[in-house]
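What follows is a set of structures for review.
Each of the two complexes below includes subunit A, the first together with subunit B, the second together with subunit C.
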Partner chain A sequence: MKAFELVEPATIDDAIALLDAGDPGVRAVAGGSALVPMMKARLFQPTRLVSLRRIGGALRGIHAGDGGLRIGALATLTELEHSTRVRDAAPVMSRALRTLSNVRIRNVATLGGHLAHGDPHMDLPPILLTLGARVRVAGRGGERWIDINDLFLGYYQTAVAAGELITEVHVSAQPHDARTWYEKFTALSADDWPTVGAAVWYRTAGDRIGEARVAVSAATERPVRIAAAEQILTGAAPSAETFGAAADAAAAAVDPLADIRGSAAYKREMVRVHVRRALEKAR
Partner chain B sequence: MTHQRTLSFTLNGRPVTATARTHETILEVLQRDFGLFGARESCGQGLCGCCTLLVNGTAVSGCLYLAAFADGAELVTVEGLARGGTQHPIQCAFVEKSGFQCGFCTPGMILMTKELLGRHPRPTDEQIRHYLSGNLCRCATYPDIIESVRRAAELV
Partner chain C sequence: MGSLDFARGREVGRSLGRLEAAAKVDGTVEYIHNLRLPGMLHGRIHRSSIPHGRIVRIDTSAALAVAGVHAVVTADDVARLVPDPYYGPAFHDQPILATGKVRHVGEPVAVVLADNPHAAEEAADLVAVEYEPLEAVFDEVAAAAPDAPVLHDELRPAGMFTDLKHLAGRRDTNVALDARLRSGDVEQAFAEAEHVFEHTFRTGKVMHAAFEPMVTVAEPHAAGGLTIHTASQSPSFVRSEISRLLGWPENRVRVRTAFLGGGFGAKLYIKLEAMAAVCALLARRPVRIALSMDEQFYTITKHGATVRIKTGVARDGRMTARQVETFWNGGAYADIGPRVTQKSGFSAAGPYDIEHVALDNYAVYTNEPPAGALRGFGISQLVWAYERQADVIARTLGIDPLEFRRRNALRNGRPHATGTVVVGMEVDAVLDRLAEAMAWDKPFDRGTGTIRRGRGIGIGVKACVSPTTSTAAVHIYGDGSCAVHCSTVDMGQGSDTTMAQIAAEVLGIPTTDVRVVHPDTDVTPYDMATLGSRSTFHMGNAVRRAAEDARAQIERMAPGATSFRDAMLARFAMQAGTVVGFGSYAPSYQKPDPETGLSANITPFWMLGGAGAEVEVDTETGRITVTKLVNVADVGRAINPASVERQLTGAAIMQLGFTLFEEMVFSDGQVLNASLADYKIPGFLDVPRELTGTFVEAPHPEGPFGAKGVGETGIFSPSPAIANALYDATGVMLYDMPLTPERVLRAIREAGGRPLEQA
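So, the complex of A and B:
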């Protein structure tokens, strides 16, 4: 790594002023668990890092209310893993956190960094796409909310602009009858990054599926909702045939990237298998 | 200078200061300025746990932890566990059950065990595996390590 300027502002406003420098070498750093490996590999050589660790208050905490969960951007993945509020409101998140990386990384990694990085292999984005979420962003021009469906633009690209900070993540309140599941498929070691992440969410109305959401990540260049699969599920009986047809639609819809975890053709098949399994396991 | 920092932190119970450049990891500072090699770099990517140290009581990968972030923190390395020449009960358990061969991974295994027992004083095997799944042992002494952690839970 090369030397750079490190600043540790105490307020969000000061952080934004320091970030807004019109220089791609200027970035925020939270846990550093995604950024430091990139710096070590010289994929990113900062001129200035703006550390968020001295900013308290608004960026911390996990709150539950009628509207759902409000999670500060600096909440660590360990805090989320052990939070009873998260377990009650979104058990699918708690389960996924157990196999997300390892204890040491979860101890430092933050939800804000997890989402801002735009890495398609992250485990929580597909889950949040199915649960429904909004991300609160602060910049020089003030604040705005980004719907999770509009956050992930491409490979390591998000709608968070340079000079903006994620301050909070709001996970929608879940209807009591929503069924959810996240199926993480690892092709290398058991707790590797996912080769395919498949998240599903559906509700039944009578003996039919009323509303359905399906999201796939890791195999694709960004986490994506699969409209074709959702259409097949909506209004159909929650049967093996329906789930198989939805999984086929997901496999046909994705555009997988080949890498060390598998070829594009292999990943397409794994999308088929794991979307089907996620639908079968949803509870 | 913002490229270099004077850091004050507690190291194994002792208040210390060190000067570090912004791009240095805490591992580099512990080895260069304090001669502590218990936390050692192996994968350098957060995967193996050989570089584990405790910062404010929680385990982190020293290979990814910027030294500047240690300012104001309490750091514990494996060297800080023994008390007046007496080994920590977790260390005793690893010796008793031979939870190592070459010993390269052992400091990380011991510190992860400390974090585990802090949260789960009577851990199940499942909890032991969950906490240690991010610590790799090239000698593959895993069964003995799990045996050591079980014993440590009795001794602590």
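So, the complex of A and C:
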């Protein structure tokens, strides 16, 4: 590792000022659990790291209100895991956090870093895609909101521009009848990255599904909503046949990448199985 | 016995806590990893990027230009100090730095020495090596074929093992050793057998993944000597091999170790020691070379193996003949592979009484990283084959798997395939305990829907490596306190506590009053190495004898003394002086006949391990969940029962990882998952809900207080037990480890006539 500059600004404005959009060696670091391994593998050689850890205020805390959850970008995954506000508003997140990596990683990893990294193997992005969320971003030009559906652009690519910081994540308020579930499938050890992540969300109107959201991650190059599956679900009875058909549609829609955790054919099959199981288990 | 006859029999057989437990928890325990010396340089290795090729040119100029870099050492520099730079316990085949050619990806080509590790790392990347690629071979069967590209021009056996001498000068082959055993007439027996079963089983390469990666600090002395501080399981070997390389007498080389953060066989023989020693002597400064976790994947692995096994069975379910042909993927350098091949190879007939046996074992060079010892020394690869096949035979013949094993068990007093008459091996007791722990005679819930449940067992045997020697000294100091000097390395297995218990038992003092001095070749006497579950038996005997010697001296010199303290005062007229008791142990042994592999005395003791598993198989994903895992060992006598149980449960978890998902994935000799982010080892969520390590005791006639070794026993049988449980649950037969979900699902779908599409 080459020598680099580490700065620890106390405010968001100072942090933004220290980020330099023109130099790819300048980056923000929050928990460091994604960035430091990249530095060790020499995939990233920083010239300057802008640590966010001294920044308080808006970047911290988990708040619940009528509009949903407002989570500071520096909230750690452990804080989210144990938050009663998260459990009440989005139990699907609390459950997923328990098997997300391990306790040592969760203690340092932050929600902002989790989303900004753009790694398709993360557990929370598909869940947030189904719950509905938006991400507040600050940069030299001011602030903007990015809808979660527009955040993930590709393999390790997000809509957060160089020089911008995620300051807050807003998870939509959930209707009381929304059913949710996340299925994480690991092919290697139990605490491995997911080989497939499948998140679902739906509401029923009478004996039909009114609105449905299905998202898949890990097997795909970025976490994605599966429109074909959602279309099958919408307006259909929440039955085994419907869920099976939606799962088939999801399997057909994805274009999995083969790696050491499975061939493309196997991952496609796992998308089918886990989308179906998530729909069956949603509550 | 005079008045020194303190209470006896209070220390051995007790589940005492580790002597170093508190220091390990508060972080004060010594590891070489934490050692820093004044003026020390940091070495970083530049490694080969190709699997096989000639080195055309090495350009070190860019690396040397990095601020803080002191030197870049290559084979040319090594040659100035060590004209014949090849080392290895079995063959002198491994160069200190790649010399003329490289034989595997990751082979050390140069070492950058710098003031700080960051400069060294940066500069190591800047070493530019030009290669002329050669054809490479990776598969062990393909590499053994006559037309395969050859890695080494000529075989150069090291002198240490006399039975390898005949291989000297052999050319144009990748087969480093072919070891055979012939007992009876298998061909005739197959012809007469009612059934003949034939299968091929494979296991991939896996890595030790010890918590503390390899680390060595070499410190040159102004007066012309060398101290090597190293995380090594074999300090005595390091001393003799470094001395040989340098052409120095052994008394100029001092090798010391501390606690090891795990070893599992990875830290044996020479790993970084020769490289660090040469760098330090060239630089005239202490040099530290510490590997990252990732670099270890290119340093030493477990052998992948292809095992072809053919078994003849009589109508009554008794096995009459067995032929096993095993190809061991040794990687680019032999390391201890030929020993694995021979010493494990001869046990391929298993713990069974089979009259006709023919075994062929081939240690094969390939262009993969070197393979060496890993807990079990090749046994688990063989047990994987013969215990998987045992269930196929039992199922085909309609015999209960436990009954099948009982019917064929090799019992005390009967000859093993090598001809050695078996003593002190409790097959029936182990099977009984296994049956009990698994509630084998009780009805079993087979699961519903997409979850299928099954259970399986396996049993495996290993002959402790022989012949080897251990020596120990027990010191009684002036105040009557006591220290054990021995070169057994405590790498987490608890040997310090065990040795202290043995000494304390003999001396009649509390274990906590015994200090165990860590290996230091200037101080502690010779030991072959800490490997192969040999320490409790061999070093335990040496320590016992040393303690008996010390005690006898005290009794002679101060008859009537009531404590060591009084005895010292009585003898030396003040509270001073030293009494040194010495003990050594080397079991008797008969070399196997080179043609037949037969020997009347092949091993000092047999290690027997049985395992049972209950699994749940998700038939839609292929994922196996092991819900119950039992390891049963035959230990002679447990010096420290809690320690024994932990060895068995720890081994169960380790082997669970190898069985279910651990595997180094290669592409053209590159390891695609050379990091713990992608090479996953079991975590706590993988540990079975029910995990049991249990043992049977029947004191071994030669063991210290009846004890045998147990460090590896728990590794032997979990894999076939799990695969047999999968077979029981689904009827699916898998021949290759690990049992990844994809492999299992493909097999299930294949069997159901709905195969999953390829790729």
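One rule holds in what follows: the second predicted complex is superposed on the first by the 282 of 283 C-alpha atoms of A that agree within 3 Å, B and C clash if a C-alpha of one lies under 4 Å from a C-alpha of the other, contacts with A are read in each partner's own complex, and residues count from 1 in each chain.
Here is the rule we go by: a residue touches a chain if its C-beta (ideal position, glycine included) is under 8 Å from a C-beta of that chain, and two chains touch if they have at least 3 such contacts.
Here the structure is a predicted model, which means the values were calculated and not measured.
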**Q.** First (subunit B), second (subunit C), both or neither touched by A:Leu6
**A.** first
Q: Report for A:Arg42: first if it touches subunit B alone, second if subunit C alone, otherwise both or neither.
A: second
(Q) On the A-aligned overlay, A:Asn102 touches which partner chain: subunit B = first, subunit C = second, or both, or neither? (A) both
Q: Based on the superposed arrangement, let me know which partner A:Ser33 touches: subunit B (first), subunit C (second), both, or neither?
A: first
Q) Should A:Ser51 be classified as contacting the first partner (subunit B), the second (subunit C), both, or neither? A) first
Q | subunit B versus subunit C as contact partner of A:Asp191, first or second or both or neither | A | both
(Q) Looking at A:Ile260 after the superposition, I want to know if it touches subunit B, subunit C, both of them or none. Which is it: first, second, both, neither? (A) second
Q) Does the superposition put A:Glu269 against subunit B (first), subunit C (second), both, or neither? A) second
Q) Looking at subunit A, which of its residues have contacts with both subunit B and subunit C? A) 1-3, 37, 40, 102, 190-191
Q.
Considering only the defined contacts, which subunit A positions touch subunit C in the complex?
A. 1-3, 37, 40-42, 99, 102, 185, 187-193, 258, 260, 262-266, 269-270, 273
Q | Residues on subunit C engaged by subunit A in the complex (per definition of touch) | A | 118, 121-122, 125, 292, 294, 620-621, 623, 657, 661, 665, 672-673, 675, 677-678, 680-683, 685-686, 740-742, 745-746, 756-759
Q) What residues of subunit A sit close enough to touch subunit B in their complex? A) 1-8, 29, 32-33, 36-37, 39-40, 49, 51, 53, 78, 98, 101-105, 107-108, 190-191
Q. Which residues of subunit B touch subunit A in the complex?
A. 2-5, 21-25, 44-47, 49, 52, 58-61, 64-66, 68-69, 112, 115, 130-131, 133-135
